[in-house]
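Just passing along the structure, written as structure tokens.
Chains: A, B, C and D, in written order; residue numbering restarts at 1 for each.
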Amino acid sequence: MIQITVIQIDNYGPWTVTPNPRRESDLQALQSRLYGDLSLQFGAHKGLVFYTRFDNLIAITNGIDIETHKRIQDSIKNRYPITVSMGIASAETPYKAQKLATEKIQKHGSAQDECRKEILDFAGDSVLEEGYVQLAHVDINNITSTSTDLKNAYDTYIQVNEVQLKLIRELKKYGAMGFFIGGDNFMCPCNGMSEDDFISIFENIRKDTGIQLKAGIGIGKTAEDASNMADIGLEFIREGKTTNNCQVYTVNYDNYNIKKKPKKTLCPI
Amino acid sequence: MIQITVIQIDNYGPWTVTPNPRRESDLQALQSRLYGDLSLQFGAHKGLVFYTRFDNLIAITNGIDIETHKRIQDSIKNRYPITVSMGIASAETPYKAQKLATEKIQKHGSAQDECRKEILDFAGDSVLEEGYVQLAHVDINNITSTSTDLKNAYDTYIQVNEVQLKLIRELKKYGAMGFFIGGDNFMCPCNGMSEDDFISIFENIRKDTGIQLKAGIGIGKTAEDASNMADIGLEFIREGKTTNNCQVYTVNYDNYNIKKKPKKTLCPI
Amino acid sequence: MIQITVIQIDNYGPWTVTPNPRRESDLQALQSRLYGDLSLQFGAHKGLVFYTRFDNLIAITNGIDIETHKRIQDSIKNRYPITVSMGIASAETPYKAQKLATEKIQKHGSAQDECRKEILDFAGDSVLEEGYVQLAHVDINNITSTSTDLKNAYDTYIQVNEVQLKLIRELKKYGAMGFFIGGDNFMCPCNGMSEDDFISIFENIRKDTGIQLKAGIGIGKTAEDASNMADIGLEFIREGKTTNNCQVYTVNYDNYNIKKKPKKTLCPI
Amino acid sequence: MIQITVIQIDNYGPWTVTPNPRRESDLQALQSRLYGDLSLQFGAHKGLVFYTRFDNLIAITNGIDIETHKRIQDSIKNRYPITVSMGIASAETPYKAQKLATEKIQKHGSAQDECRKEILDFAGDSVLEEGYVQLAHVDINNITSTSTDLKNAYDTYIQVNEVQLKLIRELKKYGAMGFFIGGDNFMCPCNGMSEDDFISIFENIRKDTGIQLKAGIGIGKTAEDASNMADIGLEFIREGKTTNNCQVYTVNYDNYNIKKKPKKTLCPI
């Protein structure tokens, strides 16, 4: 079971053009900061947010309770000219969870309903206590040498967009999601998927486009734990340590031997 | 002639995993803030930045000189753990300008060259003194009622991604670019394109997907002026004021009668 | 027992002038953002930070463990060009706690030691599990009508500085601290002080300067709880509800009847 | 002539407690970000802002016109839950200029008038076209070795507060102002003051407190130019290069030989 929170800016479209269209550079600054703040504030509790459409964001929130959601919602109201609504739900797959979470917002009214403000609602009896997060950190092999340093910036950007769309369409078949996180990187909540599923998806994309993807898959109690494990898996592949140079590698937080720092001593980093 | 600046974080990929992979929520906060700051800092001089791939950004910078670019570059170094390189170029089409701008960075070394830092270089003899910006602000008709309030958050997101890819592929044929700016909105630098070009593109997309787009096209000396005019054009279409309900409308800053506020008086807003 | 964390930017002075003095507006943006981020990140765990000297900050951190400190320390390193060291200690009075906390940093080297980086150390066996925070939110009576709207901005600023210095000198006699938090407001960690102590301090300041202060005193398990209670106390005084118009009023979180919102329902705010 | 802008958050006090007192860590984040943004946005045009009381700020704005002020004011409205008013004025001394600037806001109503919003007004016929900025960057000699590394964090903070109050009282006699800018640093707009005036002030403070101050004084067309020159002067003193080890040194931008980077080449920094 993965817990997903859907976050929606209340009545945002109309606000951006009232009384007149607001300066675009300000709106971009506003939206990117909101995303940055939500990243830090959910991140403070080991959650992970994806910017999605900027006015509608999707977050993995295993281990984060209602009160913490409420505190983040309040903090946005206290520092921004807009407010946000949140729907929370858990399910076996990320896709299903976000669907249920979306419904918890939608049932209270339209995204452009002037009266619907700061909804905070969740599906089921309460937030998830058990459960886990499975995340695949996917990137494109050798993009710097084959695209960034070779092609123009916009063509590389188109290429990344093409890969993204193929990836998210393939992932949806498995009830998984995919989000662009910058550069040539995608973060994919994928509870229930196997390594073979990814190998098969990557093979399809390679045949179609000639582009080879790889994925570190991480499993943990929280989005942060899973994300850290996925990163370690990805480094493992980059260093050529996988069997038969396999481009998918899974690390489970429970089995990963984290070096524990001894308590009560200096921690130089 | 439009002036484009390509901005690239220096040696970013390696930094994100040195000495170990850094926490993803921190990286997302870092990238989104960098984008927000660049938006405000170029915006202070009427430029407009697109986040593109977050580590490679594209900006419209008509009217912004080298010294101002240098000051922004310094400001990033003074406040971030990373530095940025910038290439600047002008051309008849946005696509061509970004291509020339990319080359000015690439010739100094790889994006992942440890020694290549804070490049600031421009094509031609100097930055553009004449020239203009043409921007189309495109959005999807009725997305709130047909998708946001009806479908789940992720499916609406996929739909926007699909439209985006179609739009940027079509625009490229005209030497234009397209960038997602949140919600269901795209901002498209499109010097040299006609209204008919957009009508034709939108018709192709409508046939393919059933989705109807509209575009306010703005023309001005700077990205901000053009963007403001595009917004006014879009509002004009939304209010049903165009002839035959045409879904494309152009506003030129030079012909637009801005109400001048009398000098030296109170400015209540 | 109150828990205090002293936060120090590592080797900051030399960095600001290497290789040449950095632009002052950038340094001010850097410092104020660092303070803002620390406020949000400690605030996510109900802590409260004071900017103090900006490169040396003092925080109330009851209930915040070492791992959370470490995560905040990492997050700063991941997003800023500088790193921070932290010393943590608990004591009966705020002054004593910050003294012990400072020593935990100092023993690892000078603030301008190039090699001393990201110290994280704490006094005692572990962080505080029991304990409480007592906070006085102090402000100046009628400053808007008597100063802000009447005098020039700088003279009001001087007046606030004068009050601040008197207040912090008086508070130190009781082992308490005082920090300016904007406007005419001071937040004073004051475990162990009585209402009479404040009445006496305010009387001294009134005799000296003609300025009347008031204080809501809040008591709670965390800085946030105490701060919220202090705010409620201050509102109580503002509304003239205290006996004999007393300018000091205490609210204890344990006795305060917070209206609980019913679970599992819409939360319009 | 120096140009000063006084910036005031509109009706801020009441907002912070409506409908209930807002979380203090959020308010601190809000205020510090506003200050950081104003620093960057005025800084983009070579201005310099001081946080002063956070809800009432003072900026040096030589060379910054009304339209730019208006654009910054709009940008704050577009991204914050509050708005700001601005008064602008020029005079021979900084103190006089801020006094005139304050009056331009006050005449439109109280800081806590619900209806007074986004005032933008200036004294005189227009903003200053000629004029110059004189800034003294003052710091405390050897504070790291004598205080930061030796005393506890709070006692060093008190010491800096004491020095600050003495300094601003002395400066006022000359029509100059003094602002704390972090660490042990003060930035003092001081048009019209001589080096001897500073030597005399520092001597008074040394006799009183045993603390020796030093000052780099910078003169330039804008706050940024003056500030950069002041920094260079301060470094000059730190390196022991002044005659008779004098603790005050002036650098005028007009006479300072800035190494010009050749145009049209790579700019590695």
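Heads up, the rule we're going with is that a contact is a pair of C-beta atoms (placed from the backbone, for glycine too) under 8 Å apart; a residue touches a chain by one contact, two chains touch by 3 or more.
Fair warning: this is a prediction, and the values are worked out from it, not measured in the lab.
Centre-to-centre on C-alpha atoms, which chain is most distant from chain C?
Looking at centroid distances, B is the chain farthest away.
What's the call on chain C versus chain D, same or different interface residues, using the half cut on shared numbers?
Same: when the shared numbers are divided by all numbers used, the fraction is over half.
Quick check: how many Å separate the C-alpha centres of chain A and chain D?
42
Mind checking the centre-to-centre distance between chain A and chain B? Centres are C-alpha means, answer in whole Å.
24
Tell me, which residues of chain B touch at least two other chains?
Answer for chain B, listing residues that touch two or more other chains: 23, 26-27, 29, 33, 37, 40, 43, 74-75, 77.
Considering only the defined contacts, which chain B positions touch chain A in the complex?
Result: residues 6, 8, 12-13, 17, 21, 23-29, 31-33, 35-37, 39-40, 42-43, 47-49, 51-56, 58, 95, 98-99, 101-103, 106, 110-112, 144-145, 148-154, 156-158, 160-162, 164-165, 168-169, 172, 177, 181-184, 187, 224, 227-228, 231-232, 234-235 of chain B touch chain A.
Which chain B residues qualify as touching chain D in the complex?
It is residues 37, 40-41, 43-45, 66, 70-71, 73-75, 77, 83, 108, 117-122, 125-126, 263-269 of chain B that touch chain D.
Where on chain D does chain A make contact in their complex?
22-23, 26-27, 29-30, 33, 71, 74-75, 77-81
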